């Protein structure tokens, strides 16, 4: 007995005034010369940039510090800001906000152009945005990765320098910032946007325009942060500590404005995801039936929306310091350098979990599929994610243990920091519990998930060392920290992203990723990730501070080992890239409808997925992940007789 | 360059599904409005935190030498106008609920006006300061406050204007029907939007009161 | 392979893992404490460093079983429960979904561990007077006599001589891109060398003349950020003579990487010799230095024509030292 | 367009983008990444001293890159006698270096008078226009314009400024006969290795604390001394 029998048989076409009403395409959306796409975005972006630059030069003519230094931060700020606005206007993101002034409302949705050009346009389809994000984050990642190669090259030798010290610091700063910006979106952007509506059985996002805007802001942010290099870079690392920040050249503007721009995108993305998950779950999807990946995105969205505004404000203050000469962060003029540290880390620590939680979500989502058994302690896993999200707002001062702030608060922050390892530990309870007496299929995504458990454990345990104030004295600000967060972010998040890609690309593209090349990729990446970063724990303990261009000569062996491993790690990404090209283009292999025999909703709809996702809105019947359970009801009722079979895979 | 209506993106829908999505949309506007208040709270809280942080640390005795204060006249005028805008949004929504679209649109248009004047005053005030931006902690935070207040005023002007314009358009397109009394999807969404807008504007007014007290009275 | 469908199979799996785990953990911890622990940074040049080392070792010996536990579990699971070996129907249903006993035990064990770690860390922090970390201008965990010596130093009355138990205040001044050191006990002379007496409690007073640096005296187990206009105090007690490295561990610009120097812990008499000799040799320069203070207001503008406009009516800006007569 | 076409265009664009990134990264990283080293070690007779001549100028002027307003050191190429905008040098180990620095810039009080004290030179002194001194009071006279300091060798010498009220202060390198102070001193290079030298006077005009811009850019107010055996 299924609900579809009781469903109304009356099925109607589009109705005027309905959310899915279609309209004639405006000239901006029609194919042709006048339509808006990537090219118009570039053109308007450049025009905006030039206008802003001229305007900035005009405004700043009276400032002594600009004529003395010969570097004009004001012009750069306005150029970039106008450039971003031009970019958004060019792609068409501002059409609707303008139309709104004349009373046009959101229900009059324009259907996007439905051909290949939609990938280069302002698309309101969350699946298109998801794919756009895939390309976007990969670009981000490749840029940051190239910079990482440059860093490791400089560290090959403590006395022979490949880069000058200032260039080296700029490379380090750019690498850190690009990677941090990329990592905040690497799962929420591509996989979150693509799969959250599918996994909650929704036909759409709550705010598709905001979603699309978040992507195009993300790309604008990429260009803004990249512009730091031609502006001469910035020397502060990704943490941007003031007053070094205030002292730096115009490249710093790219950092501050870049974070403000990316931050806006992060807020918007999180906003849309949170609202969608709360309101658009399919009928029957109670909170205890939500897939664990969706839980992780919800927890992440809470952090994105609430922590990022603090970064936005901090960046705004920094920008004011750098342009109109306020003194938020300059002690000598009534400001306080600690203010930046507090604002930055109040955002910065939740940010760390913005990067960790989606990884946990993917691990929790994939394990049952490849273990062929239900997720162990589902409630604990979602509670753990919410717990991490909440606690993450109360730990920020552990970054400031040696800064001289609030020594009497240290025990408290040590406690909160160590407390957060309890909910983080839940993911291990869930993972290990799910593996228990399972029937593990060693498919590519599963390998990456297992690697995540291996890597994140090292990252997590070393995190406890860092949170212990006495040990922190030795390891703070050194390579130990560096290794720790690479183990959590790269070892956790990036491996999860790869797991997610290998898992879901067949759904997104309709092509299977090649397993052989994938295995080469996995083993290279896993082994050389560990060989790159594990020595850094020792390097750090032996006294090498972060972000140095030279180091004690006795550490050269370890550093060289790490560098060479890093090159091979870098090479493994080329293997991945080759796999993409090979599997999607050179030797495409059509993916089966449900290659992993998953029970997830996202696999039950047609491939390619229709723009409205589901023929009928599915009705959720039971808990997710009821693998290999005799007599379990199907997860969802799709209301159509001809829908792909959603029942439990027969050969469990 | 065809004017074709693209049908491929349109699913067929049963009435239940349509209603289900409509309700999701309405509650999304509700959730989104509240979440936006949350976002804005965290941003303004950063400013408030900065204010009190710099005030208590008083680096180099330069928190606020000679108790410099931004021009109070501007302050009172801007806050007064913000208050009026908030009240108009609140009253306008009450009237709309009671069924008077005309009252709502008058209130909202007045709100747009007051908010715009406040915006202009806030910008002009920057050229009437008795201190330069980096002269003290107070001066710095004041500049930060001004920028954020400009942002707030732009948002409130925009949101008021777009809702009232939308209301008028819906009214026209639904051939004079009072949007408050129709169950047309667009009218329902419109009402949700007005509710979110008036909530947000009232929130901005309350936050504005706190900031006004901090920067002009304390 | 044991029969996995057997209900007692549950016990078997865990018992096997636990056995391997206990053996490996014990061996691992013993090997670590014999071969690695004594050499763990930051060494034992000071009391602080020694205690930091002990803390690290205790944490490590607790971490090792955790790592082994998960690894052994993973290895066992992957070997025994792979789909090739474990052909039988997988474990499923309510029993697989929620095992309350396991969940509760997990939470209890992790919570107890975490609370123990936090308590232990706090205890170590307090008994070790802040563990060599920068505690800001008002140290919460100062050793006996520490605050007294600080007050005396500011008044120019701090004394120290071989054999005394007085705390020796030393000022560390960070500037782009070098640390210099002032000794208030010896007339406030400034030097680019850092020499310390053995068996003495040192109060480092770390400040900066420009951006944020971090004074990391590696072998001393001391790390304190150097902030402009902030006196960041860190304590340590030296033991035997030896040399140590000082590095900057907060990114401070182009030459951050080369902002290091070596220091020496010398015998008390050797130190006194060095201090009095240097005091005399630097007397001409010391006379030009500003009076000893915890922080100095650097001219935010640098050499003439700086970042901020110079017509600031409130600026109390002065150089480290005094204004040049115009 | 077919799926293959779409994919190939997407991948093609991606490749183009990656190519652009690589190209612009290389373009950014390559020029002037490692200021040329002037080699004083080649053909050097062991035991004999090495003469190095530099000048420091308040604004380097046109002709030396894109920052004409920046303060900079220049080095006299021992082979050609030309002034070059490179601040790094290769020096023989355990050798006495006779430094001559012509300072064309005006001075100011030091932020840290410690840098007014001559350190680490042979004899612990330096010569200002031929007059030997140990400590220069930067709060009197013309103040100190720059320092030449090698932290790794514990060398530091103040470059005494010229009178800031003069109207003919050099604003365009190389400076020739305009008013300047001639600072001479000698120090001994230690064991082989890479040492850095830098100026400790916050002389970057228009930057907070004066340490941005030229102070934070390689080849202006600092460089490497590579000491080779």
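All chains are identified by letter, namely A, B, C and D, in their written order; residue positions are counted from 1 within each chain.
Everything below uses one rule, namely that a residue touches a chain if its C-beta (ideal position, glycine included) is under 8 Å from a C-beta of that chain, and two chains touch if they have at least 3 such contacts.
Since we're looking at a predicted model, the values are computed, not measured.
Q: Specify the chain most distant from chain C by Cα centroid.
A: B
Q: Which integer distance in Å separates the CA centroid of chain B from that of chain D?
A: Roughly 54 Å separates the two chain centres.
Q: Express in whole angstrom the distance between the two chain centres, defined as the mean CA positions of chain A and chain C.
A: 32
Q: Just give me the whole-number Å value for how far the CA centre of chain B lies from that of chain C.
A: Computed value for the inter-centroid distance: 47 Å.
Q: Would you kindly tell me how far, in whole Å, the mean C-alpha position of chain B lies from that of chain A?
A: 29
Q: Can you pull out the residues of chain D that are in contact with at least two other chains?
A: Touching at least two other chains: 196, 204-209, 211, 216-218.
Q: Can you pull out the residues of chain C that are in contact with at least two other chains?
A: Each of 210-211, 229, 253-255, 258, 297-300, 305-309, 312, 315 in chain C touches at least two other chains.
Q: Give me the residues of chain B that touch two or more other chains.
A: Residues 59-60, 62, 132, 134-136 of chain B touch two or more partner chains.
Q: What are all the touching pairs of chains?
A: The complete list of chain pairs in contact reads A-B, A-C, A-D, B-C, C-D.
Q: Which stretch or stretches of chain A touch chain B in the complex?
A: Contact set of chain A toward chain B: 7-15, 17-20, 22-25, 30-32, 100-107, 111-114, 125, 202-204, 206-207, 267, 271, 274-276, 278-280, 283, 305-307, 309-310, 312-314, 316-317, 320-321, 324-328, 330-336, 338-339, 342-343, 346, 610-612, 614-617.
Q: Sort out for me which residues of chain C touch chain B in the complex.
A: By the definition above, chain C touches chain B via 229, 297, 308-309, 312-316.
Q: Could you pull out which chain C residues touch chain A in their complex?
A: It is residues 4, 9-10, 13, 40-42, 48, 51-52, 55-56, 59-60, 63, 66-67, 70-71, 73-74, 77-78, 81-83, 86-93, 96-99, 102-103, 106-107, 110-111, 114-115, 117-118, 121-122, 124-126, 128, 130-141, 206, 210-212, 214, 216, 218, 221-225, 227-230, 232-233, 245, 247-258, 297-300, 305-309, 312, 315, 317 of chain C that touch chain A.
Q: Under the touch definition given earlier, write down the residues of chain B that touch chain A in their complex.
A: Touch residues, chain B against chain A: 1-18, 20-22, 24-25, 27-28, 31-32, 35-36, 38-40, 42-43, 45-47, 49-50, 53-54, 57-60, 62-64, 132-141, 143-144, 147-148, 158, 161-162, 165-170, 184-186, 189-190.
Q: Any idea which chain D residues touch chain C in the complex?
A: The touching residues are 108-114, 116-117, 119, 134-135, 137-140, 143, 149, 151-152, 154, 156, 164, 196, 198, 200-211, 215-218, 222.
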